[in-house]
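Listed next: structures, encoded as structure tokens.
Consider the two complexes below, in which chain A is the common component and chain B and chain C are the respective partners.
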Partner chain A sequence: MALNLSTPEVESREQRLGSITGYFGTQKDMAAKGCAGCLGNRKRCFTTSSSCAHTHALSLLGPIEGALVVDHAPTGCGAGIINFSIGRIYAKEKGLGHYKIVSTDLREQDTVFGATDKLRATIRAAYERHKPEIIFVTTSCVSSIIGDDVWSVVQEMREELPVPVGFAAVEGIKSKIWASGFDAYCHAVSDAILTEPRKKTDSVNYIAFNEFGRELLDPLIERLGYKVVYLTGNSTMEDYRAASQSALSFGQCGAQSSYLAGALEQKFGVKYFQSHLPFGGIGFERFYRDIAKFLGKEDVAETVIAEERAKYGPELARLREVLAGKTALIALGASYAYEYSRILRELGITPKHAVAYHYDPRLDNQSDDLVAAAADALELDDDIDTTVNDAQELETYLLVKREKPDLILSRAHGASAWGALCGVPAVEGRISLHIFGYPGLVALGRVIEEELANRNFVRKLGAVFRSPFTEEFERRDPHSFFEDEGDGAIG
Partner chain B sequence: MKSCIVEQPRTACAIGGFYTALAIPGIVPVLHCGPGCVSQSAALLASANGAQNAHPFNEHIIPCTDFGEADVVFGGGERLRKNIENVARSYKADMILAINGCSAEIVGDDNEEVARGFSGGDIPVLAVEAAGFRGNNLYGHSQVLKAILNHVEPTGKAVGGQVNVWGVAPFYDTFWAGTLEKIGEALTEAGLAPNIIYGRNGGLDKVKAVPSAEFNLLLGPWVDLDIVRLLKERFGTPYFHYPAIPVGPTETARFLRELGEFAGLDRNRVETRAKEGEERYYHYIRRSLLWVYRCRALPKRYYINSGASTALSLHRYLVNDMGLIPCKIFLPEDVPEEHQERVEGYFRDVELDSPYDVVFTGDGGLAAQEIAASGRPKWSLFYFGSVWDEPLSNNERIPFLSVSAPQGNVMAMDKTYFGYDGALRLYSDYYEQVASKGLRTS
Partner chain C sequence: MSIIERQRFSCMLGGAADAVAAMPGAVPIIHGAAGCGGNLFMASYGGSGYCGGGRFGGNGVPTSALTENDIVFGGIERLETRLRSAIELLDAEIFVVLTACMTEIIGDDVDGAVGRFQGCGKTVFAVSAPGFAGNSYAGYEAALGGLFKRYIKPSPADCRHVNLLGAVPFHDPFFRGDLEEIRRLLESIGLTATTFFTADQTLDDLKKAGSASLNIVLSPAYGVALAAELAESHGIPYIVSELPVGAEASAEFLRKVAERLGIEGAEAVIAREADRYYNYVDRALDLIADTDFMQQYGIVVANANAALPYARYMRRELGWLPRYAFVTDSLNERQREAVEAAFAEAGMEGLALVFETGTTAVRKRVALDNPPLLPERYGDRLSPAYILGSSMEKELAAQLGAKLLTASFPITNRLVVNRGYAGYNGGLNLLEDIITQFVSVR
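Moving on to the complex of A and B:
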């Protein structure tokens, strides 16, 4: 399905892809229903705090080098960005400062009279203070409900200011899926920065939060005669402008990368590979063969794959022996929940349950390629009990207590801490190039090996755990929060 | 139109007042706001502010209706009611707060009516309005406290020596937990019976005991002034307002003496405590002097860019005990206009006659603009701010301490700068920075 790249506002994942935040069943069932276009979303009678699209658009627009974001919102809607901006200032190698995010500080009177004048004044003042290379204007719940015509102001400012002005309509109420904020970033970047290719170059695009771990990826792409254009945090406008010249794109996951890769494919014919993500050994081999075939370098691929197997095979065999029989519970994003199910099996670990923060039955590429979780189910016969919840950690907590895994593999949204509180070792589910190929697989195996080699911290923490919940709650089925019978209306 | 740049926020929005509820064990906030509102406050007030999280109800299980487009159209009151019902069945809660955020307020969802629907039940449910467009987390803090304290019934009689402690905004004041523990100890030592509603030993029983205090102690320049006034009005409890959380020997002794006078404490006991504290403090200071005065240029001037309470505590210590001179003090906290003159007066009340500005602003980025352009040699300055200010300090090699929300990669744990011992922490944090970032002369 084509993206609506000419409209100012991005469509949410629910509308565009039929993505969901409520499901309980198996990976195979969900994949099959997703492919058949009949995957329903289940709603909950009780919800806890999650995350919003707004934050996740700011978190990716902010780090573009030279960018400034004017957030048409109460100041609090930009308070959370510090969690992301901190990452940049402590990554000292580039000497970059914080994200530049200026708020229009919407107040009560603005909700009555509107605040487009204030928005204009803020954009001008912010430009004067920081002299950015590009400005992005973002909307919020408040600006949207009061009906401010932000797009018109953006168009005016494009005439007035000497730098590009992008627009991201990204109010938190619009989507239950925070990854819709990634799409808003992609839509804004696509509209404001991407340009027609001057020429085709021997490059491939990698779209991700950051370029950490690139030392694993770069040499293997160079073996194919290509270099990687990184469209990640701290990328420059020039990097984004170069993207249309590449031969193909791939990304860290469907959630973060799909829309931009889809836009590059739709606008400039840059092929988007998304069915086989390059993580772990199996993932790498499938991915590498896919792109090598596309680039006409199949023979190189077979040589490289053989080398990688030979290099890491013995250590992998040792790790499999050490980790055999261990069990894990996974709580990660829409792609990584299932990537890790496969990767853990490569290490000899049995994943008992995968919690995914949402699920996309399809992505933004032009072809009918399966999403990675469905490809694994179909091609590898992979399957796992699975829950889709938007970081509904009460469910995850009950799952941890029910499954009693040897470890929990998660990140960012609180599940790891619940594991630790209950005495279950928590391993960071590192994403992106940290788990690229065989070296990433072996590195993960070693981390797990060492984590399990001394469990004293969580063992003693677990021993003093006292549940803050009622007995009735403790007896609840982790999936009893759904208020319908499942397979309801799509969306 | 006034300055229209607001960047580098040092406060979260009103919804962040839920932390005041979470700081009181047994109270569970149920938020009627967007799915990301909790995480916005959680970043600035907790995780990126001293590596804190709430416990036992942490940020990822805070009940929230995750307000969406459908609620704008159809109203979300019914979903709020369902969430509260589930919390009552699932969480060990002594009290539930139904808190409205921006969207719920604009569309007019009536959380008071929802709360009333639970009246007569086992667990009290109170409504709180905390729309982000009405104010910051300190407004939210006040809204939460007022709702809770308006619900408290008079106890009829005062308990001898009982003193309630106010003025410290939980979580936002990064060192709140350690500070309140140490204030409690100091008050006990002084012969009083502290009643502190927040933290490890707080809870609804402490809240219920509030009306039986002999007096309320307000420590801080303006936050909770409305609360002690409310308590005076409702229960007739007098209050003693000391404008700064005391840090260092000068302020701590002054605080103890004024408190002693107000509460009629034994004068000898107060003086003995002040003398002991001072002796211990100077013992450790003297043991550091060879290192401090060892081949380094010592900064004499400082900038502060922080919340008013933290700024005032630091400022009084830096001037009175460390012998430093302020360049300028920025308070990016949106201090309400009605308090500004009073607050500025507290900053002038130090042992130094030297001109400097106190700037009330909502723009966290203002200080960095001015410091970068100040023209002073950077080694001669010390900069107190938040993690937003850290890049300037790193790039210009200005000795720097993160002291105010969001503090960044600092673990607060039970840390505090309160009193005599706390001043030793601040003194050592300060000179560690001077040593690592300042100018060496050999």
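Moving on to the complex of A and C:
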């Protein structure tokens, strides 16, 4: 469906895609309902914190090389970004400095009198300090509720300053899905940087948090005669400008990459491939055949796939033997929850339950292509018991307790610690190119093999764990916190 | 105009949620957007040497999880449902509703809502903590103030019990180790202490805080206003002390407390502790005295709680030449004057005390004062230099060719568990960590 790229504000995922944060059932059921447009959302009578769309927009706008972000918010809203930023300093990637994110530091009096003058002054002062190539202005819950017309200030600044000024309307209250912050980043970039192609180039776009693992991807794309344009943290304005010249786009997941890839498709006809993500062996083969066909290189694809199978087959067979019969619980984002379900099966592991932080019944591509989880359900007959919860880790704890898996596979939002407390080893569900293709699959298998080889750390934690909950909670069904049945795609 | 960039604190809501979650038997409940808790904890967690949120803090803070609709129509109903669930499901005694920016602006009647939970057998109260009203440190004071107001009752004074205020969870990354060591010192002269935030604390410790005969504020800036209020409301007098780091400061601290409470026998304790302390230092001399990292120019970049203790440790314990103490918090006039007075009293000649929240400005100030010398010239230069700062001082360290020990928020390159730099044991820890930076390349 078409993106509304001409308005200043991005539509939230709930509105645009019918995305949800509450569901319990099976992958197949959810995929079928999602495809039919009748997937309802469910609310909870008890909720714990999730994550904020605002910060996820900052975390992707900040690292664009040459960018400055002016955050029209109280200082706390952007405080966590420092850890991403320091990470870059320590990594010495390209010798880049800190993210340049400046807060307007909204105070109590600003909530009474408004703060657009303060915003103008901050933009000017920050421009003078950093002389950026581009400025992005972000909104917040406070700036929105007090009614500051930030968009008008952005338009004024476009006249006044000699650099482009982008706008990301990203209030935490606007969406319960933190991935809506990724959309705000994509919308802002699409509006402020993307340009008409000067020519078509032999390149493909990869949209992701970072480019770690590119040494796995680059050679296989080069075999098709193409190179990869990385639209990731640390990408330059030039990288983004080059994106419209590429033949196609794909991304790390529907949550992070969909909107930008969709915008590139809608504006410039750059085909967005999203049904088959290139992760694990099966994922890679389907993805590689898809794009090779599109690029007219099917013969090359078959050769490369045969080589990859031959190279990693023996080690994969060994790992399958070692890991056969093991079970896992997965707690990851909307795409990776189901990517890992498939990948673990490739390793001989039985995934018992997949927790997804949200679910998108469709994405921003122009075609009728299914989202990856639905494609797996339909094409591979994949199915798994599944819960959609926006990092509701106390529910996930009850699931771990009930399923008693051999391992929990998660990252970033607190579920792994609950696994460890229950005596279950935790393996990081790494995202993006870490699990690209057969090498990623084998690397993951080895990590799991090693993790399970000595469980002393979590075994002891499990033995001393005392529940911090009431007996009532411990007795509860993990899905007993829904307070309604859901009444439509938007909730 | 001054602009805020790379601040070393989050907001009042973040500080309040962290403080409540760090107390025994207490649960914070954020009345705000679903993302506030997770977002703010990213700052506290990542900057504190990866201190977890505990079971009901951090990512797991219960919340009313409001969206746009609730902002239009009011969020009280959602709060009540979710607060009722929290009380039913979480094994805790104290439930603290913290109001975020959006619920303060729309004027939700939160006190009315929590009022309906009186008589439920649990302590339920609200603390106003909108991010626009202050930073994390203000949130710490508000949360602790709420606890004293609603849970800790004034009781007849126990002349042997004291409370420790001023050490701020997460934003003082070594808060647990520091508090444990300070309590050990106090116990060595016959006192007991409520620390509020160490692993051993129980609800009884919190209750006992009401019978303290002295509040000891380990900060010139934070907890002082609260202690003054408590002198009125709970009749507990207070003293303000810097966080003692190392043998000399610890001895002074013990003398100060003992004198205030009329305790005898402190000198014997001090002598015994000093013997032990210097026995350990003695065994490090073969390395320290024999190598060229004995004398350094010191630079401290830290919050108001740690700046003076670190600078003083460099000067008095290590015998180094501390040149700068950058205090990186945004302080009010009263707090700033108190920090200045504490430095003046400590007699830190040759040291520039600079209040500067900007990381780049810190770097520029040092560069401006110390222009690079031409190689053939001989003259004053700030070298060799050693920085006790945060992970953000990496660039300053590179600029000066200085060593850096990350010892103030944000610390992203270390895991901090129960390590502390306070007291005698902390002084030894600090010696160990500082000198380790020299030999870690070997």
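Keep this in mind: the second predicted complex is superposed on the first by the 484 of 491 C-alpha atoms of A that agree within 3 Å, B and C clash if a C-alpha of one lies under 4 Å from a C-alpha of the other, contacts with A are read in each partner's own complex, and residues count from 1 in each chain.
Methods note: contacts are C-beta pairs under 8 Å (C-beta built on N, C-alpha and C of every residue); 3 or more make two chains touch, one makes a residue touch a chain.
Since the structure is predicted, the reported quantities are computational estimates derived from the model, not experimental observations.
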item: Clash-or-fit label for the pair chain B, chain C on chain A; value: clash
item: Touched partner set for A:Pro361, first chain B, second chain C, both or neither; value: neither
item: Which superposed partner A:Gly262 touches (first chain B, second chain C, both, neither); value: neither
item: Which superposed partner A:Gly419 touches (first chain B, second chain C, both, neither); value: neither
item: Which superposed partner A:Arg129 touches (first chain B, second chain C, both, neither); value: both
item: Residues on chain A lying within both footprints (that of chain B and that of chain C); value: 45-55, 74-77, 79-80, 82-83, 86, 89-90, 97-98, 100-108, 110-111, 121-122, 125-126, 129, 141-142, 145-146, 172-176, 178, 390-391, 393-394, 413-414, 417, 468-470, 472-473, 476
item: Complex contacts: residues of chain B adjacent to chain A; value: 1, 3-9, 11-16, 31, 34-45, 47-48, 53, 56-69, 71-72, 82-83, 86-87, 89-92, 102-103, 106-107, 131-134, 136-137, 362, 365, 369, 387-388, 390-392, 394-395, 406, 408-409
item: Chain A to chain B touching residues, read off their complex; value: 45-55, 74-83, 86, 89-90, 92, 95-98, 100-108, 110-111, 117-118, 121-122, 125-126, 129, 141-142, 145-146, 172-176, 178, 390-391, 393-394, 397, 413-415, 417-418, 466, 468-470, 472-473, 476
item: Touching residues on chain C, where the partner in the complex is chain A; value: 1, 3-14, 30, 33-43, 46-47, 52-53, 55-56, 58-68, 70-71, 81-82, 85-86, 88-92, 101-102, 105-106, 130-133, 135-136, 359, 391-392, 394-395, 410, 412-413
item: Touch list for chain A against partner chain C, complex; value: 44-55, 74-77, 79-80, 82-83, 85-87, 89-90, 97-98, 100-108, 110-111, 121-122, 125-126, 129, 141-142, 145-146, 171-176, 178, 390-391, 393-394, 413-414, 417, 467-470, 472-473, 476, 481, 483
